[in-house]
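Shared between the two complexes below is subunit A, which pairs with subunit B and subunit C, respectively.
Up next is the complex of A and B:
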């Protein structure tokens, strides 16, 4: 009964992945047959300052974004856990940025900051700080904007996971702690957070994975990402293999493989832990 | 099926984390709840504000739609929606997206459900490695799939067709859907299988007549995710489509760099596209929550 699904995955995912792997070792463009290049593409990518800048930014951004995401989502989960019946209402609205297509959501988000589009936040921030930020043309303001936008868009997923885990915290343990005089902070620090540790790890893993593959959100939030130094590895793939007139399929494929290796380094410990859990269960 | 029901019994359990005020119960507690609700209202308003702003921009007269600083006094109009409908192919692109989404839902569920069922009833090395492979495939960057699809579609002369776009979505959806449905099937007791087999049902007969009806919540959940994915993923239709099968998000993204009248139409498009998606999300919230948490808490 599993055969059609296995066949689908093999044909529609396995075969394309195999091509990506083969092309990553070839000089190749669309419609042509490739010539072997050894590790030439990998060397080209690692030697290209544009790629190095994109890779550094992607990794650092993913780490900062993950930490911020967890902090924001956990705080909101704690709040939501205390509002009783109103919770479903809030959740419904808070989920909106996550279900809307990322490109569309990010466009609407970017408009709030863009003076070309009569952005309203732009003016508020200028009035409060007395300083005019070029949200799209300057590296750091743009980074802040990207962080806000991406956390805004990904927060609902992290929030739901953490909220669900929060609702499973053992009440009798908390009651016992309260009887022993533990305050809000110590209950959080010594019972709730340790209880949620596996879920924090899961959210972090998903968030890092999404961060390393970031593409959609950058299009509206950082229109000149390459010049300001805020571009991602996936944007590099898109630019070298479909834009810039280069159609360099080999180089793009090599960067795809590099990204997968990076993700695998993250995934293997997680999968190994799950495998061991299943064995002992 | 703890993931679905989690939202209800949880209300009772959630008191566990209402930790702050143990003394001065009644009033203190109510004050904390009110404060939390107040903060959450502010956060919620901030969360939806980009969409509200887009809706405002779309209903202003074109001359002041994106004026800097923003105008607050104007007479609202829906002209731009009419123009978007009449002057561009927006309706055509929406229809494209919806039909590709529906085709991918049908194909994905038909292929994934039997596999998920089989994997939920067997354990051992084979099952573990299939599930591990599915997990790894979920982590693949979309361009690693999109570029080979692009090249192959061009060679076969099927570039820019709904078929290729649907196939790409079916492939990408498969690992997640199998995982999700397997978690739902696992919650159905095996005794039901055994009873049906005893009554002379074949494996497939039982699957079709007994399992699928029991799986309605699971299939609905997976179907919603598959449907939404066809709208959400931008990179795949960006690479695999041109004029004939462009999806609505790709069309809107291409309008963003345009000048004023087209730009305001993009704002209208954003409103027209996000409102139905928001409604779907609100109506199906229970299923969405079940799907999003199921991968994390089980599996």
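Up next is the complex of A and C:
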């Protein structure tokens, strides 16, 4: 019974993964058969300051983005959980960025800050602060813009998960806590958050994986990403493997393998936690 | 028989593709073309040319890409076919400079359809009001920018395409050629040219223009420069001629009737224009099984008189008899640029990899993160690494 799925997995995942691994030890360009390079590609990647900057930024951004995403989505889920008939309307409205293709959503978001295309939010922020922010050309303003854009785009998924989980919180436990004099904060801290812990871990897992694979959102939100130090590992792969004049598939493959290792290192503790939880349940 | 055609969609390219697909699909020959954007075309070209049996039988190429593909023997030389069909398709009417742009190592690898040349765009109404004449050098540009800022209150009067991923290298290269220097590597000595007085002047000029431009200019591609001119945020700029036609459309901007076009300024008096000739054309992949004779005739028909006339005013056609100045307000600027030395980028395989590794560094000098000297030293070392084969 499992044979068709195993075969599909082997063809769609196993074969490309095996080729990526082989190429990561070769000098390969389009159409070439590849020549043995040993660990040269790995050494080139790790010795390249552009890659190190991209890897550092990707990891730190993923962590900060995940924390922000959970905070915003959980806050909105708490608010929406108290809304009655209008909840579906609010949810529908909040889902817009999630159902829009990421690169289009990011372009629209970028225009809110780009005075060439109206830049409504940019004008408001400048009017309020009296300061001109270079949202696309300076590292920190661009990081803030990226964080806002990515959280805005990914938040609806996390919101849906957490809202669904909130509706499953045991009402009688909350009632008992209220009778015992527990306030809103105590109920949240000692009942709701522990109840939702597996969902927080799930959202964090997905968000970290998305963060480590970030590419398309960067194109409109950080057009000068390499120059300002806000480039991602996947963008590095694109630049070394697919850009004009840079068809180094071996180096790109090595970075992909390094990314997979990094994802594994970051996610194994979380997956282990999930596994232990299921086992004890 | 089906002939698969790969060409990106753009107002300047579509007339040629449409003419080929609609006009030549007959007598058992079916031409197939699916819409694709420029980035998609670049990736598809790389993969189809690298395969043993390609997906496409005709590909749209351009002068910058020809050396890479030709050096790897992925394109078919066209010289004998060109000679064979010269008269029947009046190929002598094609601009010789554009033909030159599609040559590599003395052989012709593409049949030109149209060209893009950087032209200087300026607001005639603003210049007239201030008694300014169109700038001939970048010193004139700075002087005009100062006056426009002071008297017309346009805070950032100049817009240049200086996107850190590619455009900045094009403009830097053009500033080098304006001084008669090689863009990145001297082909005779095979030594990088980033550590020279010309390179310091070229990058120094870009840096000196920064105060008159939007501080985020290193994120500006051609579209953003257009947008600055549309909005009136800038009163002058550099654009490829293929983008110039959009400025004349009253649906795009209230200043449509105010734009003037002149040849791109020189770095110094008497120098060449800061412009390159980017030629689009058709090529035949080596890995197609379709008869090259048939493919060449399809290409030749698509750059015929009718298709070239239809391409106006979006394109500056390779067929010289189709250039109609009444319909191409930027035609004189383009022609002068070509006459004064604007030519295709360096036809060498190192050009693209060096650009890929240095464009971000050049941008760091323009936005002030690195000094001009430090940026050029880093570019020099990146270029040496490419030449040494350490890509």
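Definition applied: the second predicted complex is superposed on the first by the 259 of 281 C-alpha atoms of A that agree within 3 Å, B and C clash if a C-alpha of one lies under 4 Å from a C-alpha of the other, contacts with A are read in each partner's own complex, and residues count from 1 in each chain.
Going forward, a residue touches a chain if its C-beta (ideal position, glycine included) is under 8 Å from a C-beta of that chain, and two chains touch if they have at least 3 such contacts.
These numbers were taken from a predicted model, which means no experiment stands behind them.
A.B. asks: After lining up the shared chain so the two structures overlap, which partner does A:137 touch, if you call subunit B first and subunit C second: first, second, both or neither?
C.D. replies: second
A.B. asks: When the two structures are overlaid on chain A, which partner does A:147 contact: first (subunit B), second (subunit C), both, or neither?
C.D. replies: neither
A.B. asks: Tell me the contact category for A:252 with respect to subunit B and subunit C: first, second, both or neither.
C.D. replies: Touch partner of A:252: subunit B, not subunit C.
A.B. asks: Does subunit B (first) or subunit C (second) touch A:109, or do both, or does neither?
C.D. replies: It touches subunit B, and subunit C stays clear.
A.B. asks: Let me test your reading of the model: by the given contact rule, A:31 touches which partner, first (subunit B), second (subunit C), both or neither?
C.D. replies: A:31: touches subunit B and subunit C.
A.B. asks: Name the contact category of A:239: first (subunit B only), second (subunit C only), both, or neither.
C.D. replies: second
A.B. asks: Per the overlay, which chain contacts more subunit A residues, subunit B or subunit C?
C.D. replies: B
A.B. asks: Output check: A:220 vs subunit B and subunit C. Expected answer is one of first, second, both, neither. What do you get?
C.D. replies: A:220 sits against subunit B, while subunit C stays out of touch.
A.B. asks: Have a look at where A:59 lands relative to subunit B and subunit C in the superposition and call it first, second, both or neither.
C.D. replies: In the superposition, A:59 contacts neither subunit B nor subunit C.
A.B. asks: Please indicate which partner A:123 is in contact with in the superposed arrangement: first for subunit B, second for subunit C, both, or neither.
C.D. replies: First partner only, subunit B.
A.B. asks: Please write out, lowest number first, the residues of subunit A touched by both subunit B and subunit C across the two complexes.
C.D. replies: On subunit A, the residues that contact subunit B in one structure and subunit C in the other are 30-31, 115-117, 223, 242.
A.B. asks: Flag every residue of subunit B that touches subunit A in the complex, lowest number first.
C.D. replies: 3, 6-7, 10-11, 13-20, 22, 32-33, 36-37, 39-41, 43-44, 47-51, 53-54, 57, 65-71, 111-112, 114-119, 128, 130, 132-137, 139-145, 147-152, 154-155, 167-168, 170-172, 174-175, 178, 203-204, 207, 228, 231-235, 239, 249-250, 252-253, 256-257, 263, 266-267, 270, 273-274, 277-278, 280-282, 285, 288-289, 292-293, 296-297, 299
A.B. asks: Okay, in this complex, where on subunit C does subunit A touch?
C.D. replies: Per the touch definition, subunit C meets subunit A at residues 42-43, 46-47, 49-51, 64-65, 68, 72, 74, 163-166, 215-219, 221, 224, 227-228, 231, 233, 351-357, 360, 363-364, 367, 369, 391.
A.B. asks: How about subunit A: which of its residues touch subunit C in the complex?
C.D. replies: Residues 29-32, 50, 115-117, 132, 134-137, 223-224, 226-227, 239, 242-248.
A.B. asks: What residues on subunit A touch subunit B, complex-wise?
C.D. replies: Interface residues on subunit A, with respect to subunit B: 1-6, 8-9, 11-13, 15-17, 19-20, 23, 30-31, 76, 78-88, 90-97, 99-105, 107-109, 111-112, 115-120, 123, 152, 157, 160-161, 164-171, 174, 178, 184, 187-188, 192, 199, 202-203, 209, 212-213, 215-216, 219-220, 223, 234, 237-238, 241-242, 249, 252-253, 256-257, 259-260, 263-264, 267, 271, 274-275, 278.
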